[in-house]
Every structure is written in C-alpha cells, then in structure tokens.
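For reference, the structure discussed in these notes is given below.
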Amino acid sequence: MAKAELTLGVERDLKMRVGIVTVSDRSSQGLREDTSGKLLNDLIKTIPADVVGYRTIPDEKNQIQATLISFVDDLRCDVVLTTGGTGMGPRDVTPEATSEVIEKEIPGISESLRREGFKQTPLAILSRGMAGVRKGCLIVNLPGSPQAVKEAFEILKPILTHTVELIQGRVTDCQKVRE
Amino acid sequence: MAKAELTLGVERDLKMRVGIVTVSDRSSQGLREDTSGKLLNDLIKTIPADVVGYRTIPDEKNQIQATLISFVDDLRCDVVLTTGGTGMGPRDVTPEATSEVIEKEIPGISESLRREGFKQTPLAILSRGMAGVRKGCLIVNLPGSPQAVKEAFEILKPILTHTVELIQGRVTDCQKVRE
Amino acid sequence: MAKAELTLGVERDLKMRVGIVTVSDRSSQGLREDTSGKLLNDLIKTIPADVVGYRTIPDEKNQIQATLISFVDDLRCDVVLTTGGTGMGPRDVTPEATSEVIEKEIPGISESLRREGFKQTPLAILSRGMAGVRKGCLIVNLPGSPQAVKEAFEILKPILTHTVELIQGRVTDCQKVRE
C-alpha cells in the first residue's frame, strides 16, 4: 500500500476499500440530511482509498450489526467508519452493536479520539465509540456531529493505512514508521 | 436546566438532584472524618443542584450497590458521585460494584479524570473509577483523597449539566454546546 | 520499600522482585535477538529491584498465562513486565492472555502508556496492552519494540514502587506521595 500512495489511481487494487455507515433514526427516514456521512465520503477522497459501501440506517442494534458484517464479510472492506449513535441517549447503541462483531478491541483509538476531541470541546469525552478488528478489517465508531467527524478523521488519517497493514499482517513491525 | 442556570433558586425543580456516597471502612465506623464527602457537598453548592442524599458506607460491594440503586431508583438522583474505594487494595471494590448497576459505561469520563489528574500527580492514573448511566442518572466514581476529589470535580463541573441533559434525552445534539 | 530506596543493596529483601517475559515467536525460536527483554533487564537495574525471572516464549496464549502464573505464584514477583504481542496481528494475544490471569484491571496504566507514547509516535495508540493485579503482583504489558519499551519504562518508573506498595496494602493512602 506504500507503493499505492506513490502511484495513486494506477494500482487501484492497492487502495483501501472503505465502508461508511451513518447510524441515525432521522437520517435513515429522510428527516435529516446525512451531513456527516457525506463529509466522511469527501474526506476519504483525500487518502489512498475507495468508498465501496455507504449506508444510512436507524439506531437499531440488529441493523448496525448486519451492516458491519456485510461490509466486512461481503464487500471485503479494509476499513469501516460509522458515524452516530455513540452517545448516552436511550437509542444510542452503536458501541454495543460494534463490540459484538469485532474480534479484538483497539482501545487506544477511541481513547485518542476522545482525548484529542476534548481539546476542542470537553463534551467529546462523552462519546462511547469503540474501535476494533473483524477479519482483517478496522472498524471505528465516530461521533455523529459533522464537526466531531472532521476532527476524528484528522486524528485517524496519519495512522489509517499503516494500521490496516498491521492488522492484515502485511507488516509486523511498527519500527519502520518511527524512522 | 439551561433556564435554571439563569434563575437559580427560583425554579428549584430544574436543579439537578445529586447523591453523594463516601465509600470508606474507616469513615463509616467514625474512625476518620469524611473530609471528601463534605468537600463534595460544598462543591455541589457551586452548581445548579441540590444534594438529596449523602451516605457514608464501608467498602462492601453489596452495600455500595444497594446505595447506588436506592439513590437512583428511590431518590430519583440525576447524578450520584462516589468517593473512595477506587484503588488497588484488597478492599477496594467501588468500580466493581458500580459496573454491575450501570446500564451503559461512559469510559471517556474516567479516562479524563485520570489523564487530567496525572498532570497534578502521576499516581492519579491508578484510580480504577468508572462512570456510567443507570435509568437516566449519571454515576461517577471519584478517588478518595480530598485533593483528588477537588481536581476531579473541576473537570466534571463544565460538562455535568449538559451530560445529564444528554443522558435524559432532553437534548439530542452536542452541536449547540460547541457554538 | 521507601526505606529500601535509601539503603539500596543493604536490605535486599525490600527490593522489588521483578519478572520479565518476552513474547515473540521469532525470539523464542532464536531467529531474532531478544533486544527488548535485555533492555528491560538493564532498565530494572536503575530501580530498587532484582530480576528474579526472565523467559522468552512464543505468542501462545497458554504459555503466556502459564508463565505469568508461575512468575506470580511460584517466584513471588512484585512486578511482571511483558514485552511483545500487544498489537493487532493474528498472532498477538498477550492482552487476552493477561486479562484472564489478573484479578483487577488498572486501565489508567495502559491508557498512560498509549497517551504518552502517542507524543513520540501516533502508532503507540495501537498497543492493546493491559495492566492489572494478581495476588499482590503488578502485571504490565509493554509493546514489543525496544524504543517503545524504553519510553514505557520511563513512564512507569516514577510510580512503580509506590504502586506495588498500594497493591500490597503496605500504604493505604496516595496523599503522602503528593506531599
């Protein structure tokens, strides 16, 4: 994938396959524009990746899980980013849904999103979002607001490609990235 | 509750109902003054809230859980703050007791208390305190020492009212707070 | 142990007993030098402690657990530090192995290692390392690279002795350390 960064658009198969899942009762009913999902779609264009799936679904645990599983197992996504449903309201279940479909949790990703977000607004610490691995795919829960999505993506961006390489065992050592 | 902030003391029913639980073998036996609980009681007076329950109990898991449940279910607390029992000693069980009575964990609150506390003293990271939601009530475990309680409250204070509003579904969007 | 700090080398029984476990398929087969384990061994010499156990084992959950249990229960270690196996690769299972042999997790230690490591390299947040207590012994998972081990040890060093004292109930109050 390092090569893909140099030859973007030429070796398309080396670009990451990304799925976007907007979790929102109102957006899924067409009552609110899916600003955060569209923003993610635009942000993905700034990295060596293709959006291969994009779905807007209600805050229903079953539908969230089915979508995550389909994006990983069927669409062969390297990364799935969700937006919405990470709060503390009665309908917010994205972290619970995610925790049951991942094989390994990566707590440091969510910790970082909250910590760096805290510098912008203290309320960022209220996101209960998770991050983890399913079948070689990195799944990360982002908060729902466009501003929070933008900030979170800035944090993820520098580590995204290498994280996927580590998850998929294509590199086994963090050392080279330090150099 | 935003209105209550402007008219403090007039619309009393809009003030938050807060419970304080000191968890300490020695304080519950009268062998040590409950400095941290009293400090919390004073600190609560600086926000739009009333202390509706205040109990000092030993480091017994059953008693901690019974108190948390009673404060939430019977006293209808909006917030319950505990102090003590978050360490690593054989008798420290406040996090374990709390984890079983909350419906959703909010890891970012405890992460923030440890991280900001770390700037004052590295030992702050040893607190195993949890935070979460039970029936629309925010429960937060604070460490036992008065200094740690003071520091933790300073971190919680700016987000406390809005966190409760989010938990109780009275607002559904963090966006307005950013503005 | 406070006394031991003043009389290092005289009252040997007050020095901490430390175990080092390198988890690495390649190092355990002799295909790679165990640089991180040796580095830890050198770093331990800079604190009031003795290395009483040092083993290099493959990324096998059973062997990791058996080693941790043996180091705590048989060698009576006060501290066991592991290096390696905290990543997201298919073979990385050190956190999973550790979580099943500890009685209490201390999330703030791992959070701190990731957060402080992040300042050196963003990839530090990918370590899934855990920290916790088994029978009065502090177990901490460190990442595998020598540079990460060095950085993590610098963070642990100032709190290590007092953490063990708190775990073992020899002191019950963090207050004195603040003074």
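Worth pointing out:
The letters A, B and C name the chains in turn, as written, and every chain counts its residues from 1.
In the analysis below, a residue touches a chain if its C-beta (ideal position, glycine included) is under 8 Å from a C-beta of that chain, and two chains touch if they have at least 3 such contacts.
This is a predicted model, so every value here is computed, not measured.
Viewed as a network of touching protein chains, the structure reduces to a complete graph with every chain in contact with every other. With rounding to the nearest 5, the Cα superposition of subunit B on subunit C corresponds to a rotation angle of 120 degrees. Interface subunit A/subunit B: under half of the residue numbers present appear on both copies, so the contact uses mostly different residues. Rounded to a whole number, the gap between the C-alpha centres of subunit A and subunit B is 32 angstrom.
Shown for subunit C are the residues in touch with two or more other chains, namely 111, 115. Partner subunit B is touched in their complex by these residues of subunit C: 104-109, 111-112, 115, 133, 158-159, 162-163, 166-167, 169, 172-175, 177-178. Contacts from subunit A toward subunit B in the complex involve residues 87-90, 92, 110-111, 114-115, 118, 120-128, 143, 145, 147-148.
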